[in-house]
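By letter and in written order, the chains are A, B, C and D; residue numbering begins at 1 in each of them.
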Amino acid sequence: MKIVTQKLTTKESLYFFEIAKGLWITARHFVKNMYFHIAHLYGKYQEVPAAVTIQYPEEKIPVSKRWRGNHRINSRPDGSPRCVACMLCETVCPVQCIHIIAGEHPDPNIEKYPVSFDVDVTRCCWCGMCEEACPVDAIYMDTGKTPEPGYSREDLVYHKEQLLKETPLPNYQRSLNTPGQGPMKANPMGL
Amino acid sequence: MAVEFSEKTKEKFKVVLGKYPEKDAALLPALWLAQKEFSVITPEVEEYVSKLLGVPLVRVREVLTFYTMYTAKSLGKYHLQLCTNIACTLLGAEDILGRIKNKLQIDVGETTPDKKFTLSTVECLGYCGTAPVIQVNDDFYENLTPKKVDELLGKLK
Amino acid sequence: MPTVTIDERQVTVDPGTSILEAAKKLGIFIPHYCYHPRLTIVDACRMCLVEVKGAPKLVTSCSNAVADNMVVFTDTPKVEEARQSVLEFLLINHPLDCPICDKSGECLLQNYYFCHSRKPSRFKENKVKKHKVVDLGPKIVLDSERCIVCTRCVRFCKEVAGEEILGIFNRADHSEIGVFPGKKLENNYQGNLADVCPVGALTARDFRFKCRSWFLCQIDTICPGCSNGCNAVVHFTLRNFNGLKGQRVFRLTPRENNDVNKVWLCDVGRWGYAFVDSIDRLTMPAMRKGEDFVKTDWNTALKETANRLKTLVERYGANAIGVIPSPHLTNEDLYALKCLFGCLLKIANIDFKVPGFDKGEDDKILLKADRHPNTKGAELLGLSGTGLSVEAMMDKVKAGEIKALYLAGSDPVKYMGEKAEEALSRAELVIFQGTNFNASCKLAHIVLPGATFVEKEGTFTNYQGRVQKVNKALEPLGEAMADWEIFTRLGQMLGVFPSYRSAEEVFMDIAREVAPFAGITYKKIGSQGIKLTLPEGPVLSEAKE
Amino acid sequence: MYLDIIITLIKIAIVFGFVLNVAAILSWAERKQSAVMQDRIGANRADVLGFRIFGLFHPIADTIKMLTKEDWVPPAGDAFVHTMAPFLALFTALVVFAVIPFGDTLHIAGRDIPLQIADLNVGILFIVAFGGLGFYSVVLAGWSSENKYSLLGSLRAAAQLISYELALGLSIVGIVMVYGSIELDDIARAQGQYILGFIPYWGIIAQPLGFLLFFTAAVAETKRVPFDLPESESEIIGYFTEYSGMKFGAFWMGEFIEVVAVAGVVTALYFGGWQIPFVNNQGIFFPGLFTIPLPHVLIVLLQVAAFGLKVLFFCWFMLLVRWTLPRFRYDQLMAFGWKFMVPLALLNILVTGLFMYVF
């Protein structure tokens, strides 16, 4: 092994000037930021940020259109889930976080519907394969939300009712067939 | 279940039965007789025929639903059967169909509320040379135009 | 004996064999829908078209018999094109609701489409709408839109089940399978309709929407529903999210065995698996404390059992104990039981013939009156006639001469009613070993949970004397244990007992000790079973084929 | 007599109030200042009835947390020493303020009140002595924890403190030579002179190298970055590993008080103490030009305020250093102390002596 050491110049080896240089940088930041902090208090220069910090729960970074957040289930006009409990999302899910129990729907044109639809977000890896697998555009990850902490594992299992209530974040819809919301173009089952 | 052939039909049936070596082969003429007798072949009639011939009930049903000339539901006084096969369609059967629908205010397969007309579309009636054609009960009307249809319907009323 | 050349390979078959069968012999698979080896041939689907040298057109391989020196090609471009066209026609009115169809994953439409077509539909007109979710009976649901009118179901009902009830109504693309209005499927074999249907038109209500077929694992087993011993495949899943509460076994389907069940399975056996995952399954050893049962662990329960049995034998002699095994147990279980009670404890009162145990309904097709899979095995292992009969045992219990009863899977209360109930409640000690909670279990003092037929390995001997093997599909529910294992552990606590580690070891002992089983191994039993050479005696009269 | 005692008690109260408050606020300032330097916002979440006032409640929240935490003494350790060590650290840091003058003598109601708690004639020696005592708290804390890592940490810290004690002492000698006194009041007063009539004769002017050496050594004595090896939370284990709750808090408090103390001493020795340039006993004046007379009390108050501001500036500067420089490696620390600081301090004495001899 060969160790290559960098020789310090005489000025550097005195440390004093280097330390002063460092202190100058930090002090400059301090003064500049303090100036804008105080200016903000008086309502001036609001457009110049004094810090790069984002105060998370109050402020949020706008997420990308392709960003995958919490799941939601699309509903039919009558409010029932679009999901037909085909379990393709359950099948494709690499971490097996979706659990569906199917049941018989009174309408023979719908036939199958999810009696329960649970998404275990403690296991979810946000890969979005469920969205892609869904043949009826029922599951989406476009709520723009991240899971909120819970006091128990059960709190982090999202149920059908909860998932149905979620709405897509405006402008961040991830509709796979057509841009924006609106009816699906290719729906083999006419649902 | 009071469905039974009249004495006259029973005799006819006996004749028909005699024509076939096996009993179940007489299913078609038997049903034909039944339709003549009861005009509509209801499930009770089917059961009667099945018993008469010793054929499983479901076989009667199969035959009945296969052939369109058997009627399993009650029709109007005039059964309008419009041919919508290729030759007729090319020569304007669609227009005529629309005209009839408009005039009678019914859709295909429906009967007018006064039980006069039943409209159905059928496949080739064998009158391609004089298409378009409509069969009203047992009569055929050829070379139809919307005008002729109007006249026809007026006459039938 | 005609010799044909199929895809440049020669095969000699019996005269009258169809091209399809001859090709199968060569290992060449010809896709087909309407053809079924056990049903008459209608050549309705046109899927099995092949090219025969010299023939002007393609011929259906299912209905055309081979001729000598025939030259057949099954995968020429012409044949492939024909298959694609047939599939395109079949799919014209198909609703394509595979996502909600129970058949998807094992549907021949899907399979052949992916093997032979993979072409998008060119059909732009409206599809013909037909009836969906048609109620054909309590067990079978019909979806007319998915039906390809192959008429396998119609022929099955007529030819096998003996009930001519299904028919094709209407014609052309409006054809639908159906029953006469007001009639329902009633026969005991309608479960086979769901198997016979190559597409998703006929599905079993029992399996409907329960599980997707690709979540299911399969393993060969024997139907435990009756003494016929139909060969079956058990479909189970290892994806069980609800722990002990969820369903693990989803269905039983028949497996071909020409000597036993052909390729059919009756509804009684097919849907008799429910007890495996039912909520009354015994999952933990338990002991009675007053009115209630207290859950305990195996060591405690077995120690208690051994101690109490030992004390009773020492105090009152071996004849103060009665053992009632059940012909539901495998040969291995029963042999271990005999070793334990008959040889080690010298108990003579062992009898499995609970009065009325073989008084079910016999339908003369598959289902036998005796609803126990291993009656013959129990007989051959000598578990009856060595001592008192069950009835006599009950009397003696009442008289106070028999102090303890060991119920190995049997439920005398179910068959004997009050008499058994009284006896069991009077006995000093009742040990119940079984899979599910029942009326007899309710009266027991010690409860030992046993494994069901899908949870253990073993063999059943059917009414013909055919030894057939059941395989272990799942781990026993909860703490339950295979019965032979329970007997082995109990035996080792009570004295010198062979230390069996697997059912196969037990069976090796059976083959050594019990004459009719001589020379048989698991390997020899294989998937189709092996018929025993039965000793002379009254048992043979039942077994005439 | 009683009045003297009362006046002294009042002075003690003022100094204590100032020092302890500044120390507490420093724990907030350390976070906020580092945040501002690094373009962040810093702690601002603690709120009382919706008021957050820039996170000023955080020191209170911290105190509540520290007080309510379990006070744990290692079972095998010496409970008495273990409990005493953090208070010793606090004591040695606080007692330094006794000799720091924070204002000119106040003439009020015919009395002369020196604005200094104890006008010792050995002021500088007192500071060095008590500053040196601080290492006892370190050694005792490490020893009484009955934990070999703590013990090793305390030895390491003690070695560092002793090493820099030397450089610290030697660097002050220059000041003593320049002003000819070891009484802090005299030194502060002497810094009111002017060179060439207009340059304030402050320690930093008279002893620039001495100031750098003293300041560096003093930072090392406070055990703060870049000399925070005794603590070094992220890699080597420090001497107060076994401390929890408010005793741990006392160590932290002691460290902040030391910061204030160092700021006070540096101000007194090198930055003119309470002197304000061009302000003397009479008022604002420019040498040889004019004088604006001001009332005596106002002048004294201005001087006290000036002293306070200077102290706060040094506190700020030490935080700036703390958030700018990385930590030394231990061998670098020792080499720097012995091979660089001590020779330079000796050189400083020599040069100072030569100057004094020549001029």
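Just so it is clear, a residue touches a chain if its C-beta (ideal position, glycine included) is under 8 Å from a C-beta of that chain, and two chains touch if they have at least 3 such contacts.
Here the structure is a predicted model, which is why all the values come from computation and not from measurement.
Using CA-based centroids throughout, the chain positioned farthest away from chain D is B.
Chain A has its Cα centroid nearest to the centroid of all protein Cα atoms in the structure.
The geometric centre of chain B is 113 Å away from that of chain D, both derived from CA atoms.
Annotation: 49 Å between the Cα-based centres of chain A and chain D.
Chain geometry summary: the mean Cα position of chain B and that of chain C are 51 Å apart. A linear topology is adopted by the chain contact network, the touching chains following one after another without closure. Pairwise, the chains that touch each other are A-C, A-D, B-C.
For chain A in complex with chain D, the residues that touch the partner chain are 16, 19, 22-23, 25-27, 29-30, 33-34, 37, 50-53, 55. Listing the residues of chain B that touch chain C in their complex gives 43, 46, 56-59, 61-62, 65-66. Chain contact summary for the complex, chain D toward chain A: residues 33, 35-41, 212, 320-321, 323-325. Interface of chain A with chain C (complex): residues 84-88, 90-91, 96, 99, 102-104, 108-109, 111-112, 135-136, 188-189.
Of all residues in chain C, those touching chain A in their complex are 95-100, 131-133, 208-210, 212, 214-215, 239, 241.
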